[in-house]
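One structure below.
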Amino acid sequence: MSDIATNFNDYRSRMNDKLLDEGSVTLKRIFNLDKLAYQKGILDVATKELLGLVASTVLRCDDCINYHLEKCFQEKLSKKQVMEALEIATVVEGSIVIPHLRRAYKFWEALENQNKTKL
Amino acid sequence: MSDIATNFNDYRSRMNDKLLDEGSVTLKRIFNLDKLAYQKGILDVATKELLGLVASTVLRCDDCINYHLEKCFQEKLSKKQVMEALEIATVVEGSIVIPHLRRAYKFWEALENQNKTKL
Amino acid sequence: MSDIATNFNDYRSRMNDKLLDEGSVTLKRIFNLDKLAYQKGILDVATKELLGLVASTVLRCDDCINYHLEKCFQEKLSKKQVMEALEIATVVEGSIVIPHLRRAYKFWEALENQNKTKL
Amino acid sequence: MSDIATNFNDYRSRMNDKLLDEGSVTLKRIFNLDKLAYQKGILDVATKELLGLVASTVLRCDDCINYHLEKCFQEKLSKKQVMEALEIATVVEGSIVIPHLRRAYKFWEALENQNKTKL
Amino acid sequence: MSDIATNFNDYRSRMNDKLLDEGSVTLKRIFNLDKLAYQKGILDVATKELLGLVASTVLRCDDCINYHLEKCFQEKLSKKQVMEALEIATVVEGSIVIPHLRRAYKFWEALENQNKTKL
Amino acid sequence: MSDIATNFNDYRSRMNDKLLDEGSVTLKRIFNLDKLAYQKGILDVATKELLGLVASTVLRCDDCINYHLEKCFQEKLSKKQVMEALEIATVVEGSIVIPHLRRAYKFWEALENQNKTKL
């Protein structure tokens, strides 16, 4: 089975491995830090993933949006919750965000379809 | 007939419909506001579209640039007028804009070709 | 009594009034939308304010950060919760955010002091 | 007589002179290019200044906004015309722009007051 | 022989020619300035290309990153040197840069492969 | 003796201490990473500081620019070298950078004056 969510994950982990092989300790720490920040703290993981999603959306990075959408999906956040977070991102950063909303929506559909196929 | 300008419009309106079906009243108002701002006021529609084009260009959003290029084309702005607006965007935001100029130029050619086919 | 939090609020509401007097219906709708998006929905107000705070931080707008810090304070979010949200913003957007963290911390202290004075 | 518009101009030209004294030919050309782009072409100067204003606003640079506000003022653009341009900037780039609108409004008032004093 | 590095260069020079044919003197000067700035000065060309690479990376422009990667490659900078520069970019601008690191790494591999083919 | 360079350093270290007292391990690691990245590697410290300066300039963060200017000064980089790096930043990111050049120049003068006073 092949879909955009699976392809994205394969590509991401293959390239991350290459980067970490070539990079110095600095890069390894950046990657570790990125994991550490989203672990359960006083804020729960779901809230942190929504924060990561909104940060990625206002900074308009599709790959980052997809990454956090998948984490939100795994955390059982509903489409409505995700949409509300994306709406705040759009109010803050304006209509320039709208093309990313379209692509985010498409990726969320891919996550839902991938999930159905697994059942 | 199929071309990048038509494909872009089809994709955009299909995904916008989905977004508006799922989003709350907030998203509907964002979309309405985006239309309202470009309607004739003290500034005419062509000037407003040039403003939208320059804003989209310095923020480096290809889909937004394409959207406003099409509106500029519909408003009968000439290629020279559009180029002058893009030049101001490039002076303000620097050489980082140049890759978007290349793609903007290609999209404008697609609009011209689409128009010839219609005649 | 005078402090940076009170001064900021006075200045903001005085200038907002002037803007809304001069602006068209477009500006009024932008301001209304900005309020609407942060009202209780499926996500609660405190979560939405954290989202607004993170969006403002990665976009590096001090006035916006201060505005959402005050809302977070009113929503009884703790300093630890706010710090965790700011940490995610810093991981996403990097060390360029650090000067804003320093100013955010100072503003949060002003909110705490203002609160003590009121008691 | 001393006011924020005059002070800003004095500071700007004093520092620009220093920069050009120390910089290479590259910097001189950047400064010349910045002047060249806003000269009358197929688009008139007033339209180009509105484009520069919107570019500066979505990129959220107060000094750049002030510079173009002053040029717009000299080109006899009305407050309503300037407000419409700023509204488009705010729709495109969202509520993150609002703090800059407040400061822009204040600078425009300074330009009006400076003008009254001259009469 | 066809590869992503060659294709990118072909596309870039073809579109640049079109842009310069249509644009005014302003655009020609922007393009010239972009060449001038990277010529040997007090800083050598390799250092300047690393500066251009880091600027392009924190601004998250893939085409600009690729352009400077190729120049770095021609200047005989090693993969380790390029990685260290990219790491600084990632520390400054945060994890939002990581997707661009993945694509940069892929482009560097294409440059290495293209080079092997030539030998 | 009191000057803008000294004041800036005092403020920065006082607030950093407060942040690190309140923040979690995530924040400590971000601060450590920021130091680690600029240590001597295959690239020397002076080159890395120029990279940090250019990154800070295109991202238009005055405090970050000042921080790296001071490091460049300590590394005995000349004003001419620093100006060339700033010129590349300005070519990449455009005239929007110019207000930051003016402030950077002023800070560099403060560093030179501070140095003379020490002798």
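Order as written gives the chain letters A, B, C, D, E and F; numbering starts at 1 within each chain.
Assume a residue touches a chain if its C-beta (ideal position, glycine included) is under 8 Å from a C-beta of that chain, and two chains touch if they have at least 3 such contacts.
These numbers come from a predicted model, not from an experiment.
The chain pair A-E and the chain pair E-F differ in C-beta contact count, and the higher one is E-F.
Between chain C and chain F, two chains of identical sequence, the interface residue sets overlap only in part, with shared numbers making up under half of the total. The centroid of the Cα atoms in chain C and the matching centroid in chain E are 38 Å apart. As a whole-number value, the distance joining the C-alpha centres of chain B and chain C reads 32 Å.
Separating the CA-averaged centres of chain A and chain C is a span of 25 Å. Distance from the chain D centre to the chain F centre is 27 Å, each centre being the mean of its Cα atoms. In chain E, the residues that touch at least two other chains are 24, 26, 30, 33-34, 37, 41, 55-56, 58-59, 64, 80, 84, 87, 90-93, 95-96. Listing the residues of chain D that touch chain F in their complex gives 11-12, 15-16, 18-19, 22-24, 26-27, 30-31, 33-34, 55-56, 59, 61, 63-64.
The touching residues of chain D, counted against chain A in their complex, run 58, 90-97. Looking at the complex, you find that chain C touches chain A at residues 33-34, 37-38, 41-43, 47-48, 50-52, 54-56, 58-59, 64, 78, 80-81, 84-85, 87-89, 91-93.
Put simply, chain E touches chain A in their complex at residues 60, 79-80, 83-84, 87, 90-91, 95-96, 98-99, 101-102, 105-106.
Chain E contributes residues 24-26, 29-30, 32-33, 36-37, 41 to its touches with chain D in the complex.
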